[in-house]
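To keep things simple, chains are lettered A, B and C as they appear, and every chain counts its residues starting from 1.
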Amino acid sequence: MTAETIIQSLASGLLMGLLYGLIAVGLSLIFGLMNIVNFAHGEFLMLSMYGAFFLFAFFAIDPLLSMPLVAAGMFVFGAAIYLLIVRFAMRAKTNVGMVQIFATFGLAIVLRGLAQYFFTPDYRSITHSWLGGKTVSIGGIFLPVPQLVGALLAIVAFGALYVFIKRTDFGRALEATREDAGAVALVGIDQNRVFALGWGLGSALVGLAGAIMATFFYIYPDVGASFALIAYVVVALGGFGSVFGAFAGGILVGLVEATTALVMPPSLKAVGIYAVYLLVVFIRPRGLFGSI
Amino acid sequence: MMALLETRGVWQRFGGLIANADVSISVGRGEIVGLIGPNGAGKSTLFNLIAGVRPPTQGTIWLDGVDITATPATERCRRGIARTFQVVKSFETMTVIDNVIVGALIRTTEMRAARRKAFEVLEFCGLAGRADVMASELIPSEKRRLEVARALATEPKLLLLDEVLTGLTPLEAQTGVELVRRVRDTGVTVLMVEHVMEIVMPLVDRAIVLDLGKVLVEGKPTDVVRDPKVIAAYLGDRHAVGA
Amino acid sequence: MHDATHAVRRRRDLIVAAVFVALAACVPLFVKDVYAQNIMVLTLMYAGLSQSWNILGGYCGQISLGHALYFGLGAYVTAILLTKFGVLPWFGMLAGGIVSALIALALGYPTFRLGGHYFAIATIVIAEIAFLLFLNWDWAGAALGIDIMVREDSWAKFQFTRSKLPYFYFALFFAAVAWLVTWWLENSKWGYWWRAVKDNPDAAESLGVVVFKSKMGAGAISAFLTAIGGAFYAMFVSYIDPDAVMSFQFSLLISLPAVLGGIGTLWGPVLGAAVLIPVTELTRSFIGGSGRGVDLIVYGSLIVLVSLTRPDGLLGLFSRKRKVEAAR
C-alpha cells in the first residue's frame, strides 16, 4: 500500500463523507426539532434519486438542473408526511415508544413496496449526465467529478443552512422550538407549522443529496436502506439533533469508510462504520460534537 | 433513640449551582415530617437524594443506623424507603391492581400473595373499586392515590411523599390528609415535601423549612409558620402564602 | 373474590389456547394442498417467533429491529453442527438457542443502557454487522451458504422428503410453547417487572425493580426462543445463506405480527401472524411476479394504520367491544 493509494482513498472518503453529511443533516434537523427519528429517511433518499432519474429519463433534465425541482418536491412530500402521519404519531398516549418507531418504519416499508411495484426492482442508472463518469486530477489524485460536485454542494448547503437558521425568522423559530417547544407555543409560534416546515426542510436537503447521488449511484428500491444506516451513524457521531455536528460526523464517517476499505475486503467496509456507531453510543451517548 | 432517617452534612452541587448546602435533618420513627420551603429551596433535590436517585456530592445518608449513601434506589426500596413522584408516573398500560402488584412483588414472588396484598392496599387507599381499570383512565387525584398505594405495597418503613396534596380540590386534599394519617397509624414514618404550607401544617408533627439549599428553621408547625425568617423567605413567593 | 376472577381469566386463556391448538392440529386432515400447508407452517412459525420477540419488544418495551441475528444464529448453529459435525438438529437447535441467549446477554450489556431510538438503531446495526460477517465467513459457507442434504424421512434428523406435515406439527408445537412461556411469564415477577420497565423505568426502579436485570432476562429468553424458530426454519427449507436467514427482512417479519396484533399482549402475536402472513403470501401469489412489493405495501400500510389509530393493536378492537358489552 503506497502513500499515494492512501491519500487517494482518503480524498474520496472525504468527498463521500461530505455527501453523507448532506444525507444525514435532514434526519438530524428533524430529530433535534421534535425528538423523533425518521425511520423512512433512507426511503426519502431513494425517492429523491428516482425523482432525478425520471426527470432525466422523460424530460432529459440533467440532475444538476433538476436538483431544485427534486428538493422542492421533497419539501412538499416531507411536510405532507408530517401533517398526515407524524403529527398523529406524536399524540400517542400508550405504547409511545412503539408508535414513534413503527409509524415511520411502516412508512419506510410502504415506500419501498411502492417503489418495487411501480419502478420495478431493476437497477437504474443515469448515463451521460453532465457530470457522470468524469474525473479530474488534482496533484496526481484522481477525483470523480460527481462526488466532487456533490461535496461542494454539501458545503454550500451547510453554509446556506447556517445562514438560514441564524438569520431568518423561520430559522429562529426552528431554533427556539428545539430549545423549548412549550415556551415557544406560549409566544404564539404555531408549533405545528414549525414542525411541518422542519420536515419539509429536512426532506428537501435529502432531496439535494439524492439528486446528485443519482448521477453516480445505482437507483433501486432498497437503495435507501444502507444509506439510512450510514445517516444514523453520522447523526450519532455529530450528536443527535445537531445540524452542524452532522457535517463533521459525515466527514468522519467518510474517512472511516475509506480507511476500512483499505484494510478489509470491500464487502466489509460498512462494518467499520457500523462499529463506529456502536462505539459512539456506548461511550458517548450524546455524540462526539457539541449540540449546535 | 436512633432516628429512622438521617442526613448528615449533605451537599449537592450541579456544576456551579449549589442545590443543597450542609443539610442535616433527622426523621424519627412514626413521625409525619413536612419538608417545606419556597420554590427553588432544594426540597426536591434533597428528596431525590434520600430516595436514591443520585448520590450526594458530599455527606452521608443513614437509614436505621446504616449508611445508605451509596445504596441505589432499587436497594433502598428493599430496605424500606418508598416514594411517590411529583409528576405522577403510573404504569399506564397496566391495570390499577397490576400497578400495585409491581410494588408488592418486592416482598414476595408468590403471585397470589402479591395480588392479595395489592388488593388490601387498594382497599386501604380507597381504590379497590377501580382495581381492574387501566391506570391511564384514572382521574388525577386517583392517580396520586395509586402512587401512594404502589409505594405502600412495598411495605416501607419510610414513605416519601412528593407534593401529593398539591393541585387537589379541597375535598380531595382532605381525603389525602386522612390517608396520610392512616398510613402513619399503621406504623409507617412519613416525610412529605410540600410547596404550599397551608395544606401540610395541620397534618405534620414537625416541619423542616429549607431555603436556598439550607435548613432555615425546624420545629412544631405552629411555631414555624410564625417564625419571621420563614415569613421572610416566603415573602418573595406570594403564591405559597396566599394559597 | 378478586383473586378468583383473575385466576378464572388466566384459566380461560389456557383453555382457549388448547382449543386452538387442537383445532389447528386437525386442519391438515382437511387441507391437503401443499401450498396452503406451506402458508400454515409459516404462519405458525412467525406466530411463535413474534411471540418470542414480544417478550423483549412488547412486554419489556425494548424495540428490537435486529432479531434476524438470533433467528440466523439458530439456523447457522444447527446447520453447521449437522453438516460439519453430524450433530442431530435437535441438539443443534438447543445449542443455537443457548448461543443466541449468551450473545443476547453479551450485547445486552452495552445496548440496554441505550434509550428508545438509539436502542432500535443499535439492534439494526448489530444484526447488519453479523450479516456482513457471515457473508464473508468462508468456513460457514459465506455467500454460498450451507446445503442441508435431505436423504430420508427421519424424525431423529428432523428431515422429511415427502410430506410437510411433520414440519407443520413442529411449527404448531413451537408456537404453542412460545405462547405457553409467555402465558406463564406474564403472571410472574418477571412479567410484571417487564411491563413496569416498559411503562416507566424510573417508577419501576423506585419500587425495587432491577431494570437492567429485567431487560437482560427478557433479552435472553427472547433470543433463545427466536433461535429455536431459526433452527426449525433451517431444517424446513434445508438450505441457508445469510440472505435466507439473517437479512433485515426477518427482523421485520418477526416484529410486525406482534405490533399489528397488539404489542405486549398474550394474543397479539398470534392474531397478527394469522392476519399478516396469509395476507402477505396470498397477495404475493395473486398479483404474481410483476407485482413485487405489494406485500410490503400491504403490511407497511397496516403497520402505519395500527400505529396511528390503535397503538394497542388489532386485539384492541376485541377488548373495546368487550368493554362496551360489559358496560351495558
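Throughout what follows, a contact is a pair of C-beta atoms (placed from the backbone, for glycine too) under 8 Å apart; a residue touches a chain by one contact, two chains touch by 3 or more.
Everything numeric here is computed off the predicted structure, so don't read it as measured data.
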| item | value |
| --- | --- |
| Chains contacting each of chain A and chain B, listed by label | C |
| Chain closest to the middle, measuring from C-alpha centroids that were averaged per chain | C |
| Chain of greatest Cα-centre distance to chain B | A |
| Among all chain pairs, the one with the most C-beta contacts | A-C |
| Rounded Å distance, chain A centre to chain B centre (Cα mean) | 48 |
| CA centroid of chain B to CA centroid of chain C, Å | 43 |
| Centroid spacing, where centroids are CA-atom means, of chain A and chain C in whole angstrom | 32 |
| Set of chain C residues in contact with two or more other chains | 198, 264, 312 |
| Touching two or more other chains - residue numbers and ranges from chain A | 93-95 |
| Two or more partner chains touched - positions in chain B | 92-93 |
| Chain C partner contacts - residues on chain B that touch it in the complex | 51, 73-74, 77-78, 82-83, 85, 89-94, 97-98, 101-103, 105-106, 109, 111-112, 115-116, 119, 131, 150-151, 153-154 |
| Of all residues in chain A, those that touch chain B in their complex | 93-95 |
| Chain C - residues contacting chain A, complex | 57, 61, 63, 65, 110-111, 113-114, 116-118, 120-122, 124-126, 128-129, 132-133, 135-136, 198, 248, 252, 259, 263-264, 291-308, 311-312 |
| Chain A-touching residues of chain B, taken from the complex the two chains share | 92-93, 136 |
| Of chain A, residues touching chain C in the complex | 31, 37, 85, 88-89, 92-95, 97-103, 105-117, 120-121, 221, 225, 229, 232-233, 236, 240, 265, 267-268, 270-271, 274-275, 277-278, 281-282, 285 |
